[in-house]
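Let me begin by presenting the structure, written as structure tokens, before commenting on it.
Chain nomenclature is as follows: A, B, C, D, E and F, assigned in order of appearance, with residue numbering initiated at 1 for each chain independently.
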């Protein structure tokens, strides 16, 4: 599984959540987790979370750390399970700085303030996850917290992104390992 | 999904990891997470984790809190993903008593001492997970820690078991919710 | 599974056969069977049954009872099997008024006159069924019969719609029950 | 799909519900529906319906018309859907003699008396259905009705068996047809 | 499985790789392999092979023998396996004229010159393969060889197309046969 | 994917076709192709090819080159497709010595004499292939040919085994590559 941190900023507008984005953009063929920094502005027509559309909840942020995961199987339930595992992994890594977080499904909170947004969906050839963490909490639609406040200053973002990407890739490798070491039962 | 705590102790010997055990034993039809307290003695011929068999790692403990999960689909990779999510959930709940734990795949540790054992496998009609937490760390094959030492005395075990079971059931409900609220992308 | 009868009329033009229509329209999240009354006019570009397109068979009716089923799995063969089971259920319920019907796959007939139209297809995140029964047989492209003539006057349509929806939901519940009570064989 | 009526009687004891039974017994390779006449005696250890085992409901009958269906895919939910469709097909055919039946899931009743028993399960390489109809209602564990009483005398059993088998095979052909004539929707 | 050779030429521009093309064009319902002769011009916006798009490798040829395969299941890995088996079958048939070919995945070469292009992809209801063999090697983007040079003159093309189509259909029949004659192991 | 040639001889008696054999025997975890040299004696009770059992065709040979493939997915049709691709790969490699072979499904022939035996089946956690090539054609149940006669003397067997294993592993890698470079079509 490819783990990659894009060295420049990218505006996340929802069009990145498209099959083979990592291949078309960076030549990464196969399963990948790609991280980048950038603002977030998703117009309603590009939202795939219809709960947000129904509630007319806008999705935006001035400065976020984004992850785009693509895995080449075809099971949306697996994708949602992986999304929540990614959320748990991020929580475990962020807490190393001493601030306890709360996970509710695919959301992370610090003292009732929202740190993250996330969605998992399917493409005709793969499943994909978008996960984004506020770097600062300015200009967000709900009470929010940012990575800086949690002890991860901007200078650490690339390193943090790689640590999260690598931990997710390791977890996926571990899942494969576990899947291949058991016999069935009756 | 049924959440049930068995009021009496049961010796876990590996034969509980068999399809429809919850239905045959307690009349629980459909997806379930069943918890019980009891010792653990698994003979090599009942071990489904062939890594343990290869290493000749015995599996036993004098007093453990066991969970048996059965879900009626047929995808071992999903089962392993769920197993790790269950591990993350248990970590999140146990840490409420203030002792930080470390998750490594499906294992939980406290300061290099092992708290848990776990396996996920498939049956002809479902997938199953066994997860067990030491209540005390006496008579275990490796350096271990128990729930009592982590702030969960024996009197709290039934309540803890139900809290974990309910959190897992809620997570599965949330996974279904997330799976049904998105449209696909191209 | 949600069972819902829409209290107002809707023109069925084929655009209702789109993923998460029940969620976007009525907030029903997850598996659902939604019924409504209304005319039917499907332009060729919205037809998903390419047999009808090839034969240039128009699909219309002045007054029909429609059902839209959405189930969140990804197996078109299951969807077709469910469609035929829904057809059998409708036959069983309608025959309570004493008129014997004939089922041919997903079609219902009364004395060589057509009562129903139906299609099952897949979306990127689910499978869907459209089933519609003539309320009256006026202005239909083929010799047809309507529910009124079969003993179900207009005043009974909401009740009939709910009975069919509930019977289908019960059948799906029963399918899940049957799927979870058996062990495998060799 | 092979449709075959075995010319001699066979005691159904549950061992027929084993993968490739039709191939091993009659050389029928691939999907098949095989019918035969014979008594029914299933010991508890051969029962795959654990609901019957839990209730200690014996399964027997002196003279029954049996169907064994095997289809080479690996989806137990599909198998249960097909089982209920087979039940609906049998109802439609039997009612030609003028006695209205009631279907409840995979069971058929005539005036509260049970006509049929059925189970669907999975093998390592296929899914299977057993369906049996009482020919006479003598010596059955619950109030029962037989085919003879419903207007299908013993002399008609072979013909009836073939009609049911052929109708099921035609339905499966129709399901495949329906699955291959639609385009997807968004 | 339908095997069909279109009696007139068709320009392959990529739009043929669309679900139910064989049904819409020729009334062939269900699995099919359709062959035709014609030039090849695929604009980048119709290319599904994003490796070609990334490399800006144009896809064209003045005179090619095309195959369009559609099979109604939903597994892209199966489709790629079938594509390579089709490539092996074509190699086996072409070598009857005495010129040894080299297969590299889904490509065929004669002495470092390219004979074929191919892609496998998924539709919402099926999987599809496009495979095309140069008839002559004029006006191709890379060093190429054509069927004529390999001993298959233009007059033999229809016969060759049918032989390949029939061999592929026979292979698929054989795959089904093999899948239905084994029992599982533990 | 692990490629391994066992340095000692093994009697193939059918018990090697069991899930995780490569892991239990050689510590190879995950997908693998393992080759070894040895005689072949499969008793009828260990035969999984019921066609052979029905025909009472014994399976034996004094000196064969065996391949055991295990891949951790759960689709028997994929396994059969891979089995035939493996057969095509072996043909391509063996023909380098100048003797043309004929492939018929999963069988290889040289001038009407049989070179190989093969079967593909499923386990509860994976799918498996057994493929064996006669090294010499002595003491075989049907007219046979051996590798020695085809230009592959005994001294070359280890090298040949590794070449075949590596070519299969490369092909599987290529299949994954092809599966991950395409977008879907409508």
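The criterion applied here is as follows: a contact is a pair of C-beta atoms (placed from the backbone, for glycine too) under 8 Å apart; a residue touches a chain by one contact, two chains touch by 3 or more.
The structure presented is a predicted model; accordingly, all values stated were derived computationally and were not measured.
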{"item": "Mutual neighbours - chains that touch chain B and chain D alike", "value": "C, F"}
{"item": "Chain pair repeating B-D, as identified from E-F, C-D or B-F when over half of the contact pairs by residue number coincide", "value": "B-F"}
{"item": "Comparison of A-B and D-E (more C-beta pairs in contact)", "value": "A-B"}
{"item": "CA centroid of chain C to CA centroid of chain E, Å", "value": "39"}
{"item": "Gap in Å, rounded to a whole number, between the CA centres of chain D and chain A", "value": "50"}
{"item": "Junction residues of chain F - those touching two or more other chains", "value": "19-20, 23, 29, 50-51, 74-76, 121-125, 179, 181-186"}
{"item": "Every chain pair meeting the contact rule", "value": "A-B, A-C, A-E, A-F, B-C, B-D, B-F, C-D, C-E, D-E, D-F, E-F"}
{"item": "Complex contacts: residues of chain F adjacent to chain A", "value": "19-20, 23, 29-31, 72, 123-126, 176-177, 179-185"}
{"item": "List of chain D residues in touch with chain C within their complex", "value": "17-19, 48-51, 75-78, 80-85, 88, 92, 95, 100, 103, 105-106, 119-124, 128, 171, 174-175, 178-179, 181-186"}
{"item": "In the complex, chain F residues that touch chain D", "value": "50-51, 53-54, 74-76, 121-124, 186"}
{"item": "Residue numbers on chain B that touch chain D, as the complex places them", "value": "20, 23-24, 27, 29, 74, 124-125, 183-184"}
